[in-house]
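Note that chain A is present in both complexes that follow, paired respectively with chain B and with chain C.
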Partner chain A sequence: MTHIVVDPVTRIEGHLRIEAEVDGGRVTDAWSSATMFRGIELILKGRDPRDAWAFTQRICGVCTTVHAIASIRAVENAIGAQPPQNARLLRNLIMAYQCVQDHVIHFYHLHALDWVDVVSALSADPAKTSALAESISDWPLSGTKYFAGVKGRLKTFVERGQLGPFANAYWGHPAYLLPPEANLMAVAHYLEALDWQRDVIRAHAILGGKNPHLQSFLVGGMATPIDLDRQASINDGSIEELRQLAAKAKDFVSKVYIPDLLAVASFYKAWAGVGGGVGNYLVYGDYPEDDGPNPPLFLPSGVLRNKDLSKVEKFDAAKITEHVKHSWYDYSSGDDKGIHPSQGETKPNYTGPTPPYEKLDGTAKYSWLKAPRYDGLPMEVGPLSRMLVAYASGHTRVKELVGDVLKKLGVGPEALFSTLGRVAARGIETLLLTEKIEGWIDQLAVNMHRRQLKIHDNSKWEPSTWPKEAMGVGFHEAPRGALGHWVHIVDGAIANYQCVVPSTWNAGPRDAQGRRGPYEEALLNTPVADPTKPIEILRTIHSFDPCIACGVHVVDARRNLLAKVRAV
Partner chain B sequence: MTSTPSSSGNPGPGFRRPVRLLILGLGNVLCGDDGLGAVAIARLRARYETPEGMSILDGGTLGLSLLPYVEDAEKVILVDSIRAEAPPGSFVRLEGEEVGPAVAGRLSVHQVGVADLLDAARWRGRLPEELVLLGLVPETLEVGLTRSARVEAGLPGLVDRVVSEVSRLGFELHPRSHDAACDFDRSSDLARALGL
Partner chain C sequence: MRKPGSWFETELEQRGVSRREFVEFCGVMATALALPKVFGARIAEAVLKAEKPVIVWLEFQDCAGNTESFLRATKPTVADIVLDVLSVDYHETIMAAAGHQAEDVLAKTVKEKKGAYLAVVEGSIPTGANGAYCTIGGRSALQIAREVCGGAAATIAVGTCATFGGLPAASPNPTGALGVADAVPGLKNLVNLSACPMNPENLTALVVHYLTFKDLPALDGYRRPLFAYGKSIHDNCERRAHFDAGQYVEAWGDDGHRTGYCLYKMGCKGPVTFQNCPVVRWNDGTSWPIGCGHPCIGCAEPDFWDKMTPFYRHLPTIPGFRLGTPVDKVGLWASAGVAAAFATHGLISLVQRARTGSVKDEHIPPPPPEDEPEKPGSPEKGASS
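Moving on, here comes the complex of A and B:
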């Protein structure tokens, strides 16, 4: 038996440590340990709840909008504010763009290098690469000269030893299966995706005022004015630009991302049998399609147990608990029972070894993340959960898109419960949202022309209109999964604030009953060809798109070190 | 050329930089001294108007999402917390080739950070023509909205250094009139909420 330590896991946001036992070439047990951003509740205590989003927006650098949305929803829920239709549409657009950008960047910049061997691309034939690219898509950047240019640039950088973004990987590992031409095509698209994100950033700037941090969020609505006739607002010109940007986003996703995904997946079909995980899927649901309380959601909420697609359970927020038996915290009521986030406590109690250490004691506390559970069970959250719940709920377009992908890969729905399933679901969701965006823009345009310009419900703006004490929860389907903020307001000020973030659901440790978290469970039975180069572990962990940054305390991230891997 | 994204690396004949000088603050304002770059930016913006052709931004910890801003600028001044062999609060200035290695070891809450940003720009042949990193040595990165006393004491000097750097690069900042400083844009409300 070999004990593997991967610390830090590279190409993620934040700091994650994975330990695994490998026996007979397969993972037999695993532990996921992460540092934790603790203290947001201390920062927020006593503050004006209407300002909370500006703080939570900074919890994570990459998902700024998601913590802003969850926060304003929590406060609106507590004080009874109801954002008007235009605010709902603007928020849907902002959320969808964030999700689309995140998924594309994850695929090309964080995950692709687990499947694509950049160094192998150096031996690609540009003419054959062009033929390959033209066989899978009519994307215009596909000529021999173009790919020869990319290859030349790659060669220059490799020769100078400036691998830059492509440093830190197991180039030449036998687990890489793509032909050189597919590798070169992927490298080209990696670089194109960096250009593509400009359009998304531009769309966010139109919708949310200034970038890089959006400033148009407002409890009760939005602060982006909508007016046909005014320059400094969303007007006919901006609607037209949004339409063009949406079309370009869809173009790239349907002509580059999805074909690449299918091409890569077709070489790695074995990964449809790896990385299944806990088999329970939780979705809070998002993208309200109507106004008022309990609107229909474009991506429905629901719970699936035990990989059973025949029955979608209704989600009940009261069934969420967080455990700290294996987390570096203490609960005043003891560590053997989970507690609901609305009553959440964050009392750190670090009992781990002094870093740097060889090995964690998996029987004791071993992570800064808590272990969230739903009805006592570990739940996977994220794009796979969303697509499965939508699929099982009979969502027409999701069923079509999932069916298409399964057919093209020649696999059945059971293939979805896997590492490859997560990768595919992320792509399907991206396409789904790029299609949906246009409709929301159209609705916004219709409202504008009907002179329905309201963007903010200010009836609950003044704290004098609030109850003396109020509790609220804000749910959001962030790119990485179900996100919840819980706020407790007393006398107009924040008394308690708790966030349960997607990566806590997925990356959290064992609970009081000793049940593994989703990462830990997903690693079981993962093949590991070479314990000193566990690329297979990275594939499964990266398939969840870890973002521990909203978790991260502080990390000394020296990115030029290859992830430290030790086989003990 | 088509209107689709231009090629990798080679900036291409159509590529031009709309911003002449970008001043980009970095770091997380929720993590003590880590946020000193963002604080310096907020103070700079409160004191000076942003002239035409210049851009003054708080980039937070956005990593690769900042790439378009960096690539669009001819010259870039980064303002950040910098680990160095010097006491906390000490001023540090690096330029050109020195910047990359320094930010690679940057104390950061993000692994996908500034170094990746510069690498990506280099790969695409779009590194700014001139790159300067100004900052202070941090003392504490613990969660909290306040900076250490030494960093706080160094901040006014850092803002002045940014102003001199702007002049050295051939640009000029104009102080805001008193009235304008009170209400220049929505970011000032947020900066106030965040205690910047």
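Moving on, here comes the complex of A and C:
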């Protein structure tokens, strides 16, 4: 039995530590620990709810839009503001560009190096690489000279002896299975994707002034005026630029990302049998297709249990609880029971070892993440959950795309419940959204031509128009999964605020009943060839796309507290 | 031994960048740094000859927003190269190695390149709970920062969390979060690039300056480079003429909002925020927050989460504001945060003039004097370079 510690888990957002027991070349137990805490919800108490989006947005700079969206939705839900159609379209666009860009970065820059051996690429034959690239895609950058250039650049880089971010990794590990040519192709696309993401996300600068941390959100709408003829608004020129960026996104995703994903996956099909995890999937649903309460959603909500695709349960927010039995917090009613987010409370209480430390005690509290449960069960959230729920709900396009990928890989739907399934689902979702963006741009343009320019519900802007006390919830499907914000407003100020976040669902520790969280469960039985180089653990953990800063939060639900907006 | 600079020229060639384009880029950088154009050649020479400098990028109580911002550096395109040719030996978000192998890289760099590497710090450093609010590899952020920044040639704090404590340090600062300057006092060669996140073009310019002159640029009282933080947002704002003409956005989406009127009444903190946002803009110069219709929230200033909030409450009367609209419920805001910001930049006299006789009436400054320092219609330098 070997005890492995991976800390820092790199190529993620935030600070994650994985401890695992390995016996007979397999993981027999695992503990997921978040090692950073900021206390943002405590900081929100007493503040103007209209400011909350900017605070919560800073929970994460990678998925930089998601907490802003969830926050304005929660406050709107509480005070009864109704964002106009244009605001819905602008938000859908912002969310979709975010998801597409984020997924591509994840595949190439955060996950690829678990599957792609950069050093092996040095022995690739550029001509054969070109033949490989041209056999899977008509992407124009595929000539022998091009790949020879990339190889040369890589060679110079390696020979200089300063490997920078590629230093001291697991190169040459027997778990790397790609031929040198596939490795070279992937390295070339790693570099192309760096340029691509910079360019595509300019859509966020058009829609939000800058990225990261867009600055155009408003409770009740958006701050980005639209007017075809005005230079200071989203105008004819911006619409055209948004279209071009959407086309560029779709082009790269369909001609580079998806073909690469299929090519890489075909060498790693064994990973369709690894990393299954808890087998329960939760989706809040998103991308409203209409205005008003309870609109139809492009990505439907639902719950799946025990990998059963025959039955999609209706999502019920009342069934969410959070546990702290193994988290560095205390509940006043004791740690043996979960609490609903709207009733949540927090007392951070660090009981772990004093740093520097070597090992955490998995039988005690061991993470800054809480353990959310749905109907008492751990749930996986994210692209896989969304694609599974959409697939099981009969979403036409999702069924087509999933069927297509399964066919190309020669595997059945059961392969989806795995590490590889997560990777594939993320790609499918990216393609799905790139196909959708243009329609929302068109709708926005049509409204502009009709001079329907409203971007904000001004009727509920002033706190004097709000009820004395209000509760609200805002749901969002972030790139990494189901996100919910709960807000309690009293006398125009935040009395309580809580976020239940995708990476809390996925990366959370054990609950009061001792049930493992999704990361921990997914690691069971993962093969580990060399415990000193546990690349296999990284593959499964990275397949969830961890975003740990998001997951760590506090709640404080002294519900009767009548906090005032601070005067200073 | 290879000839100095040869690797860089090879990089340029492989990137399809001509030497002429590179020298042009250096000219642009010289301008960004507010240096005479003639320095372009000197920068080019220095960068071409430089050995690949080693960067260690630490993340503590952060959101990776500055890392993401760093990945967006685009302008000019060749700026990528300058960043690319840094040897980023440790950066958790992008590095291939993990766990002990990542820690080994850090330990090796700190030992073997002592006094020669650049440390970049993102995120605040918590001092509560014996450091348990942020640990990496079992060590606290503070332990790591002391060791790594202490052995660096220079430390660059990126983003407002690393510079001033930022969001985690906002009231009531539950984790005892501090910026680098306060957490590791006495660091030599510390530069702060505040803002949320920092603008990547400013990091590029700072690094180019460092490579060229082997020294830090001129800094303000908060250790921020004057080339980027020397003027207020308001002074460089493209909507400044509307402010001077008394044309304001009154409601979200109204005609003034669509036309690009001044956002002062909607809460804009541009007059008390010092950064080059309006000039450099964001994402390859595509836009910036005010440009897209939202007020500045003052993210480059210390304690902005406390002093600039509520974000949608407008500033008290400031120099140049002529409407005479009574501004009530202002509180202590102006006397604390605003005055500090102005003072740092040698503009205290303006504030003092504005505040004369105002102490009794709830800190509401009187209308500005006749002799305004800014004339309508005379845009400040820098906007067109």
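By definition in this document, the second predicted complex is superposed on the first by the 543 of 568 C-alpha atoms of A that agree within 3 Å, B and C clash if a C-alpha of one lies under 4 Å from a C-alpha of the other, contacts with A are read in each partner's own complex, and residues count from 1 in each chain.
Convention: a contact is a pair of C-beta atoms (placed from the backbone, for glycine too) under 8 Å apart; a residue touches a chain by one contact, two chains touch by 3 or more.
Remember, it's a predicted structure, so these values are computed and weren't measured experimentally.
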| Overlaying on chain A: chain B and chain C, fit or clash? | clash
| query | Should A:146 be classified as contacting the first partner (chain B), the second (chain C), both, or neither? | reply | first
| request: Could you tell me if A:213 is touching chain B, chain C, both of them or neither one (first, second, both, neither)? | output: both
| query | Can A:347 be said to touch chain B (first), chain C (second), both, or neither? | reply | neither
| field | More chain A residues in contact [chain B versus chain C] | value | C
| For A:15, is the partner it touches chain B (first), chain C (second), both, or none of the two (neither)? | both
| Is A:198 contacted by the first partner chain B, the second partner chain C, both or neither? | both
| request: Scan A:155 for contacts with chain B and chain C and give back first, second, both or neither. | output: neither
| task | Have a look at where A:43 lands relative to chain B and chain C in the superposition and call it first, second, both or neither. | result | both
| query | Where does A:451 make contact in the superposed view: on chain B (first), on chain C (second), on both, or on neither? | reply | neither
| message | Under the stated touch criterion, which partner chain does A:165 make contact with: chain B (first), chain C (second), both, or neither? | response | both
| said: Based on the A-chain superposition described above, do chain B and chain C contact any of the same residues on chain A, and if so which? | reply: 8, 10-15, 37-40, 42-43, 48, 51, 54-55, 58-62, 64, 105, 109-110, 149, 153, 162, 164-165, 194, 197-198, 201, 209-210, 212-213, 215-216, 223, 549, 554
| Parts of chain A lying in touch with chain C, wherever the complex brings them together | 5-15, 17, 35-40, 42-43, 47-48, 50-51, 54-55, 58-62, 64, 105, 109-110, 113, 118, 149, 152-153, 156, 160, 162-170, 194, 197-199, 201-202, 204-213, 215-216, 218, 220-221, 223-227, 230-233, 328, 348, 350, 352-358, 453-456, 458, 461, 532-534, 538, 549, 554, 565-568
| said: Help me check something: in the complex, which residues belonging to chain B touch chain A? | reply: 2, 4-10, 28-31, 34, 57-69, 104-113, 115-116, 119-120, 122-125, 141-145, 185-187, 190, 193-194
| message | Show me the residue ranges of chain C that touch chain A in the complex, using the header's touch definition. | response | 7, 10-11, 14, 52, 54, 59-69, 71-74, 86-89, 91-105, 126, 129-140, 143, 166-168, 170-175, 177, 196-197, 251-253, 257-260, 281-284, 286-294, 297, 305-307, 309-312, 331-333, 336
| note | chain A residues touching chain B in their complex are 8, 10-15, 37-40, 42-43, 48, 51, 54-55, 58-62, 64, 101, 105, 109-110, 139-141, 146, 149-150, 153, 157, 162, 164-165, 187-188, 191-192, 194-198, 201, 209-210, 212-213, 215-216, 223, 252, 549, 552-560
